[in-house]
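Okay, got some structures for you below.
Here subunit A shows up in two complexes: once beside subunit B, once beside subunit C.
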Partner chain A sequence: MILDSIRLHIGIVRALAFRDQGERIRKSPLGAVGLLVEPLVLVGVLLALRMLLRIQDLQFMNPALWMASGFIIFYMFSKIAIKAITGVSRSQRFSDLRRILPLDVLIAGAVVEVQIYGTCLFFVILAVSLFEWQFVVADPGAAVLMFLLVAVTSLGVGLTSLIVGHRFKVVKIVVDVVIKQLLFWTSGLFFTVALVPDYVRPFLLWNPLLHGIELFRHAMQPTYPIPGISLSYVLIWAFVSLGFSMLAYGNNEQLLSAEEPRDEP
Partner chain B sequence: MILKFVRQSGLRALSALGERFRSAKALRLPARWTISPVSATALLVVVTAVYAFGLGRARFKVTSDFLIRQPLPPGMLAPAVLGPLTGSPSMLGSLEDGRYLAFYLHSPEVMRRVFLRLLAERRYARRLPDLVAGLPADANRDQQLAFFRSQVQVWPQDLSGVIQLTTTGLDAQTALQLNQLLLQEARVFVNDMNQAISRDQLGFAQQEVQRSRQRLDQATAKLDAFKSRYGQLDPIQESAATSGLITALEASLVNLQVEEARLKRQFRDPQAPEVLVVTDQVQELQKQIQKERDSVVSPGGKSLNNRATEATKLQNEVIFATENLKASMLAVENSRMESQRQLKFLVMLSDPQAPEVQDWNWRFQVFLGVVGGAIVIWGVASFLLGIRSRV
Partner chain C sequence: MAALSALTPRTRRRHRHHTKPPTLVRLDRVSLRDPLGNAVLHNLSFRIRAGERWQVAANDKRTTLALLQCVAEFQQPHTGTVSLRGHVSWPMGQLSGISPLLSCADNFFFFAGVYGERGRIQAEQELLRTLCNFDKKFWIRPFKQLPQTLKKRFKLALGLVFDFDLYVFDPEAFMPLLRQGCWSDPWQAILEQRIRERAVITMVGDRFGIAERCQHCLVIRDGRLLAKGKLAECAASLAEVATPRAGSLRGPRL
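Take a look at the complex of A and B:
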């Protein structure tokens, strides 16, 4: 009975993800290609800028891979979390199909984001491996695990913010700003945690996304230094945020519906 | 227009990819052998789990950390061992040496020596039920080298210059001994390399001493020959003496000319005997001065200027050759001392210890690697096929 229910919801999520993917392709100016190209353009521009300014700092791994891993993981986190905070818009609701839960819609959206950004990262890794003529991922299992843990954390944080934010409006606004601004500058997109001064590092290490991104880089290159970075911290964030959001979801399912349709960030 | 072109190109590429998938289906096995992708993945994951957590032999890892440091000469400020190492010369030196060491410790020569002492073919032999771990009995030299390299990791840390040496063995003692043997090799490499450089420098310095000695001998001989040829002890001093004589004569000439002028004013007749005496003296002195001058510069005379110049040149050559010999002898002495002295040291930060428990990391790495690979393949393939189905 439970297995049938799980299988049913997996099928629903897959179908919704397929539908969501179609919508994303329709909205993208470059179509299907655009889905993959858009996240890579920013990384490409920043890399070109770096080359143009001749920035020479300590490089613990391939700079393209370092930059791509930071930006792609951050944008995946940001998109999934913001989408979860926004809730299910009216256009996504299936009021006539009672088996489709709002949570299914949000999970499907997260799956599509994971697929898009994961595929981008996959192609970057492939390109760097071909360029360096060796496979650049030392521990593929850990890399995939980190990527998925960040995705789970983002879904958990987004859902929790949505539910808590319904009671306290300010929470929703604060989380939105924190994700878009604060995490952007403190998640290791522009720096390596090992090169951060010791008196700043403890403040940055509160950010779970920084742990996720740095552990992902460490999985690529075992000599990449990660002082203060902890796998346990990421695991706790992922499971606690997801667990709390699921707990709250049971009693507040109607809150997953957005009050007003909002554009994607 | 461009956007449309890009969009159509992308769709065409995905369509071509789909065709490949369709044509691949034609090659599939007979119906009774077909297996769904989900079942195949599940089977792969189960087989991996059985191997990783059941059949796979235990691996043991031993890690040691060390620095390569050179004692600083007295007078230079030595950085504290636990002080800020970033960018310090000793850290950069250790890092550089560590990078060379990483290549050296993975070299076939090291493998040959270490495997010989370790009896690797017996200790790393494959055993049932795990037929993956270990060295095949009939492994050729290339396979042995590849296996050796997979058992030894040398990681110089960019930030601190610390070199981390990790060895893997199928039992704790093998891993420990491999680590210890490699540390010995590292010590030999660090010292031999530096002492070999000093020995080469010593040979070169000794050659230079011979060359400088010959040069000094030649320069001294030339100077002696010059002196013998002209019968002069020191042409420079002789030239200086002549110049002094000319100066003295010129001073006397000036005095006499003044006296002559005074007498000409005193006597109305310039032919007066008192005047004529002084005039004769002036003329005689002028002739003498001219004669001395000619003897110094004219080629027909003593040509003291040329001789002095040549003598200076020869003397300079002797001085230069003497200094050169001194410097060469000093270099020989230094090189001799350096070639006997230990220039660099391996500073052990953590000694290798025999592990008491096996390394579980590889089991999770293998399992998660397969699961992660399956997820990536599923994610990327389903995403691309989802796009293709819309074409």
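Take a look at the complex of A and C:
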């Protein structure tokens, strides 16, 4: 019975992800390529800027890979979390289809983001590998694990904010600002944790995204230094945030479904 | 017709050992008002069990439509509760989940992912194609670019291809097909198959032969329940409602 239910919801999430992806491809003037262009162009522009300013302080790993891993993982986190925070109104569109739960829509959205940003990262790794003529990922398993853990954390954080934000509107606003501003500057997009002064590092290490990004880079290049970075910290964040969000969601599903009036058919 | 025969009925009988079939829908003291505050449904309670075929007769068409929408949880009542335990369809023809950006084929795969049964997706798709009878170019074109008549046909066909425990029929939605001469044998065949095997709720006096096969009747006047039960028991009330009195089209203000 439980297995049937799980199988059913996996099917629903797949169907929703298929629909979401299809809609995005149709909306984009460049089709499927258009979905990958935005993050890749951003990384390209920042890399060009870096070259233009002749910044050469990074000797630990390929600068393109370093920058791409930071930005792509951060944007994936940001997109999934923000979408989860604002996910209720979207899921309302399916309130006529009783089998679809708001949670299915949120998970499907996260799956699509993981697919898009994962593909971007894959292309960057492929390009750098071809450029250096050697496979640049030393530990692919750890890299994939870190990528997925960040995705799980973002879904957990977003979902928790959605439920708590339903009761306290200010939480949604605060989390939105924290994700867009605070995490942007403290997640290691512009610095490596090894080069940060010792007295500043403890203040930065509370950020789980910094741990995730630095561990991802470490999986690429084992000589990349990661002082104070911990896998356990990311794991705890991922499972606690997801577990708490599921618990909160289970108790508040009806409340969320009844938030807004439904659309006319 | 080959596509239709591929859709073999589900053989599962969840209620085999019970004396009474399970309840699919239960309405408990349901009330609904229109935007002006007039009662469309007033304190209505009844239940539909698996395999039962119900027809709804009311002196106001809005009442019937509102009831069908409440049964499908398409509309939330203002007071009272609607409990759905089975796999209940949306009111046929009324469906908001279709993506206007995606093609009919992609929309079908979405719905098949949600409502389709494993191993029968191909047969369901074939049946949908038979019912829609589209040119191939319409099948791959974005839904929003389809002519209005084809959109309607697709929506109606989509409701019939999936296997529900209870079908909520709005015969009015099917009327354009009849008027346009699109009501063909596969439509009638799948409709009859659904009526034969599943629970149904519909309006009284449709032109598709659904109401004729119903054993139970629900008679509502001015939003209030006048009679419910076997068709023979409700005959007198049915006759009363069938000839609406002047001024009775609006329910009492709550």
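Points worth noting:
Criterion: the second predicted complex is superposed on the first by the 248 of 265 C-alpha atoms of A that agree within 3 Å, B and C clash if a C-alpha of one lies under 4 Å from a C-alpha of the other, contacts with A are read in each partner's own complex, and residues count from 1 in each chain.
Criterion: contacts are C-beta pairs under 8 Å (C-beta built on N, C-alpha and C of every residue); 3 or more make two chains touch, one makes a residue touch a chain.
Quick caveat, the model's predicted, so the values are computed rather than measured.
After overlaying the two complexes on the shared chain, residue contacts for A:G228 are found with neither subunit B nor subunit C. Once chain A of one complex is fitted onto chain A of the other, the partner contacts of A:I116 are limited to subunit B, with no touch recorded for subunit C. More residues of subunit A lie in touch with B than with the remaining chain of the pair subunit B and subunit C.
Of the two partner chains, subunit C is the only one that A:A15 touches; subunit B does not reach it.
In the superposition on chain A, A:P63 makes contact with neither subunit B nor subunit C. With both structures placed on the common chain, the touch criterion links A:A194 to subunit B but leaves subunit C unconnected. Using the contact criterion defined above for the overlaid structures, shared-chain residue A:I100 touches subunit C, although it does not reach subunit B. Legend: residue contacts after superposition of the two complexes on their common chain; A:G44 is shown touching neither subunit B nor subunit C. Overlap of the subunit B and subunit C contact sets on subunit A: residues 18, 22. Listing the residues of subunit A that touch subunit B in their complex gives 17-18, 21-22, 25, 29-35, 58, 60, 114-116, 118-119, 122, 139-145, 148, 194-195, 222-223, 225. Listing the residues of subunit A that touch subunit C in their complex gives 11-12, 14-16, 18-19, 22-23, 26-27, 93-94, 96-100, 258, 262-265. Those residues of subunit C that touch subunit A in the shared complex are 72-74, 76, 84, 88, 90, 94-97, 99, 101-102, 106, 109-115, 118, 142.
Put simply, subunit B touches subunit A in their complex at residues 3, 6-7, 9-11, 14, 153, 155-159, 364-373, 375-376, 379-380, 382-384, 386-387, 390.
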